[in-house]
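Shared between the two complexes below is subunit A, which pairs with subunit B and subunit C, respectively.
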Partner chain A sequence: MRTTIQFGPQHPVWIEPLRLKLTTDGELIKDVDLEAGYVHRGLEKKFEWDYNKAAYLSERVCAICTQHHSTCFCLGVEGTMAGLELPRRAAIIRTIMLELERLHSHFLAIGLTLEAIGFENMFMLCFRHREQVLDVFERTTGNRVLHGINIVGGVTRNIGPEMAKEILDFCDDIEKRAHEIERIIVSSYTIKQRMQGVGVMTEKMAKELGVVGPVARGSNVPYDVRHAAPHLLYREVKVTPIVEKDGDCWARSLVRVRELFQSIDLIRQLVPLLDGTPDELFAKSKAMPEGENIARVEAPRGELFYYVRGKKSKELDRVKVRTSTYGNGLGIAPLIKGSHIADVGLITITFDPCIGCFDR
Partner chain B sequence: MSLTEISRKKSPWVIHVGTGGCNGCDLEILACLTPRYDVSRFGVMSTGNPKHADVMLVVGPVTIKYKEIIKNLYDQMPDPKVVISVGTCASTGGIYQGCYGHCGGVDKVVPVDVYVPGCNVRPEAVIDGLVLALDILNEKERKILEEKKAKAKGAA
Partner chain C sequence: MEAKTVTQAELQGIVNGLKAKDARLITIVGADTGENIEVIYFFHTGIGQTENYRIIVPKAGGNEEIESITPIIPAAYIAENELCEMFGVRVKGVPGRFFLHPSVNAPLRRK
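Right after this comes the complex of A and B.
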């Protein structure tokens, strides 16, 4: 007998609204219908605004990757302004922030994944480590979650030598903590049993659906924008994409765990570059945005894409945002089809869905 | 203070509802529930079931699609109940003012008792709001009891 179950929109597994209509036959899911749009505020329309204010608006598309959103937006707008060169120090600071943000986002994602399979203590542990990253944010930008340091043409806050040292100390500390998490996850028989073989996305499927980020890399697709189309400082510090072969929930989570160490390593390489770079944070543009431009960055959840078109005035003509969850969303339904009801929460959460990004 | 009042004050159950916000405030609510700020030491417990909840924490401007659902959730909560709007955008629409996809703050849809401003709010502010809400909760409880008593007297 077939039954239809409504999963969401208000469901404890996700902190945001999303609705799945599951058609089930006993415990097995036969059909699934994904209904989104609960967070649709109409942001792209609102972007037709003063471009200086829009940088703050872009942060509020999604607060988990705020720095990625505003950096991508600023890169997009800066490309439309003739003769504007981003100061090197601003580029370094932006890149350090991007990597710090990846750390906090991955801790969040790992924690939520573990909570979905019942390890609430591990969730708490991840969040305790995440607070450490937020402390660094608070010390450098003055804010815990939304940073507000990106403006078109540069950044508003500097990282001085003392803060640089503090960040390096933080790297040592967080590395120890990340190792602890890794040890617990990798050596745990229970976690492995629960996640291995669940929600398998094959390499072929990943390529056909065009998924991005850790979801793609978990399925053996080595696609990372930092590697494929280097932006900012990634032209100098090289990034090799981290891939796992299996494509199940375990592989996706493992990619995130391994990326923690990659980010720490990148921050360690980036901070010394601040030394001796002139204290110039902001370049004023003489031209207004004109023509069109695209920018891509690698957000914690995958490729983030901004299209910007200016009309030679302060207001922008059009901004199009294609977020990483928008790319990944397509993969959710095929994976859920054929799985057990108990796995639905786990499978969706390993996609690290960000509905604020999804609906905009 | 009656026994229910004491127990309610010692252990309020909250339901967290995210509608159209940017996750900034959702994250800070999560931060409240986790070790650094740890509101569970005051007995606050997060539940996903509106029928068990005393306090509703709403984040974000209510999007048009979510309007009915939030009303529904509110109606399912047992009396007395308190609604806290967390964040500027839940209180007034904040930075999203003028967007076509939402219908303003939460108070346009359900009655709000406590407003916590900030974009994004700090966890301390959320805790402050919760403490305020508990007093309001007890006041509401007392009112309900009085009404019941008055009714009983009238009947007798």
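Right after this comes the complex of A and C.
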């Protein structure tokens, strides 16, 4: 007998609202209907205003990858302003912030994944480590979540020598903590058995559906914007995409765990570059945004894309935000179809869905 | 950023060719320029490379219709639906609703 179950919009496994209409036969999901739009805020329309204020607005698209959004938006607008060159120090600071943000986002995603399979203590542990990253944000930018340091043309806050040392010390501390998390997860028979072989996305499927970020890399698709379209300091500090072959929940989570160490390594390479770089944080342009430009950055959840069109005035003509979850959204339903009801939460949470990003 | 302006018929052939070359669709962007709706397709074709194609759809009082590329590249599904609900440009073969309630009609379309 077939039964229809409503999974969401309010469900304990997700923080944000998304609705899955599951048609089940016993324990098995036979059909899925995905409904989004519960937090649609019409942000693309709101972007048609002063580009200086819009940098702050872009942070509000998503509170987890706030720095990625504002960086991507600023890179997009800066490309439409003739003669505007981003100071090197600002580029380094932006890149350090991007990697710090990846750290805290991955700790959050790993924690939530473990919570979805019943390891609440591990969730607490991951969040305790995430707090350390947020403390660094508070020390460097003044804010734990919405940092507000990116403006078109540069950044508003410097990282001085003392703060640089503090960040390097933090790297040593967080590396130990990340190793602890890795040891617990990788050596745990229970976690592995619960996640291996669940929600398998094949390489062919990942390419067809155009998924991005750890979801794509967990399915053996080496697509990482830091490598595929280097921006900011990634032109100098080379990044090799971290790839897992199996495409299941375990592979996606493992990519995130391995990327923690990659980010720590990148921060360690980036911080010494601040030494000797002129203290210039901001470049001013007399030109107004004119013409079209696109910008792409690798957010923790995957590729983030901004299209910006200026009209030679302070107001922008059109801004399109294509977020990572927007790219991954199509992959959710095919994986759930054919799985058990008990796996629905786990499969969706390994996508690290951000519905605020998805709906905008 | 450069986008080559093509016709709808040309676009189908181009997308088929890009798929054969293993290009990935980044997204589809719609923009209202007053008299026309511009639809721009962004493809990632290699390290640091993108290919962008633009089709221009003259406004026809909400009766515009374009060909879908979802049958060739399934990744276009959400973007094509969003184009439809945001700009009122029908895309053949897709429902045309994904995020918005049916009562909301083409909010990004200008008068």
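Before moving on, here are some points about what is shown:
The criterion applied here is as follows: the second predicted complex is superposed on the first by the 360 of 360 C-alpha atoms of A that agree within 3 Å, B and C clash if a C-alpha of one lies under 4 Å from a C-alpha of the other, contacts with A are read in each partner's own complex, and residues count from 1 in each chain.
Methods note: a contact is a pair of C-beta atoms (placed from the backbone, for glycine too) under 8 Å apart; a residue touches a chain by one contact, two chains touch by 3 or more.
Since the model is a prediction, treat every value here as computed from it, not as a measurement.
By the touch criterion defined above, A:261 lies against neither subunit B nor subunit C after alignment on the C-alpha atoms of chain A. Once chain A of one complex is fitted onto chain A of the other, the partner contacts of A:11 are limited to subunit B, with no touch recorded for subunit C. By the touch criterion defined above, A:282 lies against neither subunit B nor subunit C after alignment on the C-alpha atoms of chain A.
In the superposition on chain A, A:45 makes contact with both subunit B and subunit C. When both complexes are overlaid on chain A, the residue A:37 reaches subunit B and subunit C alike. In the superposed model, A:307 makes contact with subunit C only, not with subunit B. Within the superposed three-chain model, A:57 lies in touch with subunit B and out of touch with subunit C [touch as defined at top]. Once chain A of one complex is fitted onto chain A of the other, the partner contacts of A:223 are limited to subunit C, with no touch recorded for subunit B. Once both structures are placed on chain A, subunit A residues 37, 40, 42, 45 are touched by subunit B and, in the other complex, by subunit C.
Those residues of subunit C that touch subunit A in the complex are listed here as 1, 3, 22, 24-27, 29-32, 40, 42, 44, 47-48, 50, 52, 73-75, 77-79, 86, 98-101, 107-108. Subunit A contributes residues 9-12, 15-17, 37-43, 45-46, 56-57, 59-64, 66, 108, 123-124, 127-128, 131, 134, 143-146, 354, 356 to its touches with subunit B in the complex. Subunit A makes touch with subunit C in their complex at residues 36-37, 40, 42, 44-45, 79, 207-210, 223, 227-230, 291-294, 296, 303, 305, 307, 309, 317-318, 320, 322, 326-327, 329-330, 359. For subunit B in complex with subunit A, the touching residues are 16-28, 30-31, 34-36, 47-48, 50, 60-61, 63, 65-66, 69, 73, 95-96, 98-102, 119-120, 122.
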